[in-house]
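Labels for the chains are A, B, C, D, E and F, by order of writing; each one numbers its residues from 1.
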């Protein structure tokens, strides 16, 4: 039975409980605590009234993201990247992914020469920190742009379409949705999918950790991802009272 | 009236509301969220079964601390230290202070060749992050040592005496307890005091930001600090059900 | 006509001329110059008789990859990463991708406690440097393992299956194979695919630079990639006289 | 007898011989060699005709300090910080302390948009390097400002009050003044005090290395510090022929 | 017989076969592959239309050089400097030498406020990489300046005199020209000489690896170097069809 | 008259006054203050009872050197290398030169598995800091080895021959000895020569800053250097009472 397959007892197509708490901290223009089960990430969106050098004078905005994990967000303590003096390749890869995903969701030409800084900081890790980060950052960014509208700086929130992200993978031969840590650390294939509310792909990153996977598996994984992301976007809109 | 002096309306000798929540994250041996008003810090204690090179083979343990602020824990976003590739002088000064304070609280010779890593990560800053860190880390470390007792690795929690920390300062000419950010950023004198449950000093760090301060002022500040720390240690023991 | 669409005049499903030259430099156990049109990458494979710390004593091998671009491999000179003192996020992302791809091609348990270091250095860039790197590194690694067989250190080349990589994308609305620089810098969607000789996926990394792409487009892109990779693997085997 | 207690044979309230030599090197606007017994520090003050970015256009000046130790200023050779590529936490803590102390001594609004750089380099260390640095830097800064007066750039030396610094501590149970290395490395409590000629505190930094210390001890230590600093300021003025 | 002395069988005064291939890569203004026997270096010259800060507004140009070795250009793989985060002292010494040598060859005041960046990247190392770099960079720079003349930016190539470089040394007691790796790694004295077409010295860097060398030996080495450089400059001019 | 040519009024073949003061600081095994006129360098030699990894178990010793300048040893303040987090190319070049020179003076196989660390720190710079460093380090190293003899660790000082260093150059067309800063900053040719007491060359590093120099000039410069070094070595021996 698939119910008994997953360590968590979840059905193959079941998300973990997802909770999105807005206004989690008080200083940021947008601040969200997102939970995918035991994975907890603080996503903040900060507005700065200038753009990087390569965009100066072009009349458009920019969005960029940074990602970090608290040293003891994980099972065993990791070294603090600030103390080591460099960010790992994994960290850089994730923050580039978050940045691209958010830039796909908003119209960079519709909020002036401003930069929206996304910070995703993992408080507790149990698999799926990058997909939770993207899903939470979408809401934090929306809130931050609302502040710009309230201040009269722009007339409308420059959203093109909502995006959310989820992982899918093959665990013990079965395609499953939303891998938690025990699944993630022993699965054969791991894929992160970022999708719009129209069901179009923004990012697809699939990796065969063990056996390479065939086209049929890929199709099943994409189906699962689409279902999960549809639910996540519905939740994003619900917490925003849309 | 002194009641009307402070931006928060607090009396000169009043702490902000202090909340200590244990077991805040699930992986760390000790994990505490401490709140001094709007200042919120996650303090975790992680046990590693080895010591730094300079202590190898000496049969004693070590405690060390790291400190960080989430980039948007502050009014305006700070650069992420991991991205800059170095920790600021302020960060290093604070983590050295936390480490010394905790090493004064516990008997390093009573828990074997182990290292206790303290991580204090500021989620939201409103003044007093280093004193909240020390006060919360005391509880997180106590919890971590309890785990070692439960595992049978040691027979008793190696605490010498409880320590807690508070800031005091001269705000608009009046000595006050537990400075919040509006006070901290405009006060003349700022002092951080770390004290044991016996009322003895572990650390005293006073700085005249504007006018140098005289001996009488110093005495009044130390009185205030002692009152505040007495209350904080009572709270530490209460949340630990001692 | 699609023939006139691409700046190079290539058909949508046409690879650029691919040349793989073995024994390009004399010191490395495996050394290949691979050309995808004007893109030229030196791929070397070096054998070291030890493994990283996390694998010590486990009786298995390791493969790892590094990637670099000569400062003037590109249209305008880039800063030298060694002089800047850090590798960019893009560099790290690519070298992680190369490493995972090669580890999928070979049996890490079949060549003892040795590390195979892959170095991919771009001499001239015209799009597709990462896919050329993977495709060339496969041959360089095969040659390096042949040396181990010749030395009698192992009895057979520990290959599980050949892998190669190609990019696909949507250029001016049309799915095309093997993007060159003019296409890459203005396409809507860019996907890098790493595949085995069985036609199974090792890595799929698709990014919508502009519009998000739908499922039908994704299917067409994967078809194109499979065709291209089949040709590349045939070429790899031909130059190895298999 | 307390006379026999200290390794040096000094009385508990005795400073080491202090020598301040002005014009020690020829290029700096102010250059002082200060000796506290065997501790020897070169303090230079350099004037730059601009201020850091955060002060630009505000019409005021800035003072900042850097500190270093020659690798073999100590009993065993330390690694050179320039070779390691980073300054230790201790170094940063000390240079922040020197900077704050000097900024308390001079009126930053009275010497235009200029920066005074203090460099304190320890040639030989025998305890008390930070207090010697502050005490010597006061004289070097005074000399540098004299140069500005001579050049007609300002009309008066912008001194608010002289400052000097000394360490005090509890050595074998007895409060003593001006710890040398043998005392510093084995004392229970170590306090560095920076004070003005009015006897007011600029900085107080006390640390219990072993036992926490009580209020009475603190009072005795502050008394000792005040006596020592009074003597040091008298000497500063004497060498400046004031 | 001296013919049998050298591992390569060369006469003491014989250069290795030297090949200079222009237009080796397509993006750079000047691009040369230079081979001194098995030593192969790619030398590119890139023109940037600005100068470093210290020359801004002075109406003159600048030339600077960087040097690197591919990790497996050598017998055993070296660590990649970009991955280590710093360039070695040897690398910096070589790139400073190349820069000074090229600045001696061209008239910095005759090509406007432009910077010519030289990049010398060693593909395969067999001794003499720095002298091959200088000799090849001369041609690459000449080609780059030709581009400026073609574009009408300057009226003539700002060459003062051609320069080339060669190593000489004492191998098994005999002064020899153009050391290859087996000679370089076991010779007593190693000297790199950079000379103009007039036979004047730009740089002389001689090092006694074992025994110090006397004046007579020095004279013989300088004679050999002059002969070799005369040949190299003839070759430079020949490939440039001068 | 050549006597009036040089800014200092020195004859072309005149050294500046040279003073070598031994036992300048108390902790180092060898400690020398060397003055070449206004150039003042502290040279210390520290003995460590182990060798770098590449020499472990080979039964021989090692000598290595580091060099630094105090930030205000120069006319205008330089940035502190420890604060910048890296040593300049110039610094690395100089410390490599000092290390090679000293390794030529002593027999590395005659003092066991020990490392002698040379530190040359420039207190005041007026030209010739690297040659003063080498000349002073020779004496400091000799003193350090004497300590080893005194301790009975070795039976004799492992000196092969004394070395010293001096600069020569062409100033306003005239070859001169021992360039000071005004000469060094405007001379055409600058050469640093390291020589043994037998008059043999250890290092020759000549650079044409302006015009390339011919063979006759080179010969004259080497003559001058030899005279100067002969005097320096006589002085080294005199201060060592040999």
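General remarks:
Just so we're on the same page, a residue touches a chain if its C-beta (ideal position, glycine included) is under 8 Å from a C-beta of that chain, and two chains touch if they have at least 3 such contacts.
Here is each chain with its UniProt name: A, B, C, D, E, F = Ribonuclease PH.
On a predicted model such as this, the values are computed, not experimentally measured, just so you know.
Chain centres here are C-alpha means, and the one lying farthest from chain D is C. In the CA-based superposition of chain D onto chain F, the rotation angle is 180 degrees, rounded to steps of 5.
Note: centroid distance chain A to chain D, computed from Cα atoms, is 51 Å. Measuring from the averaged C-alpha position of chain B to that of chain E gives a distance of 59 Å. Mean C-alpha position of chain C lies 33 Å from that of chain E.
Within chain E, the positions touching two or more other chains are listed as 85-86.
If you sketch which chains touch which, the chains form one closed loop in which each chain touches exactly two neighbours. Beginning the circuit at chain C and passing next to chain E, one meets the chains as C, E, F, D, B, A, using touch as defined. Of all the residues in chain D, the ones that touch chain F in their complex are 25-28, 31, 38, 40, 42, 44, 46, 48, 66, 68, 70-77, 80-83, 85-87, 91, 117, 119, 121, 123-125.
Of all residues in chain B, only 86, 89-90, 92-93, 95-96, 100, 104, 161, 191, 195-196, 198-208, 211-215, 218, 222 touch chain D in the complex they form.
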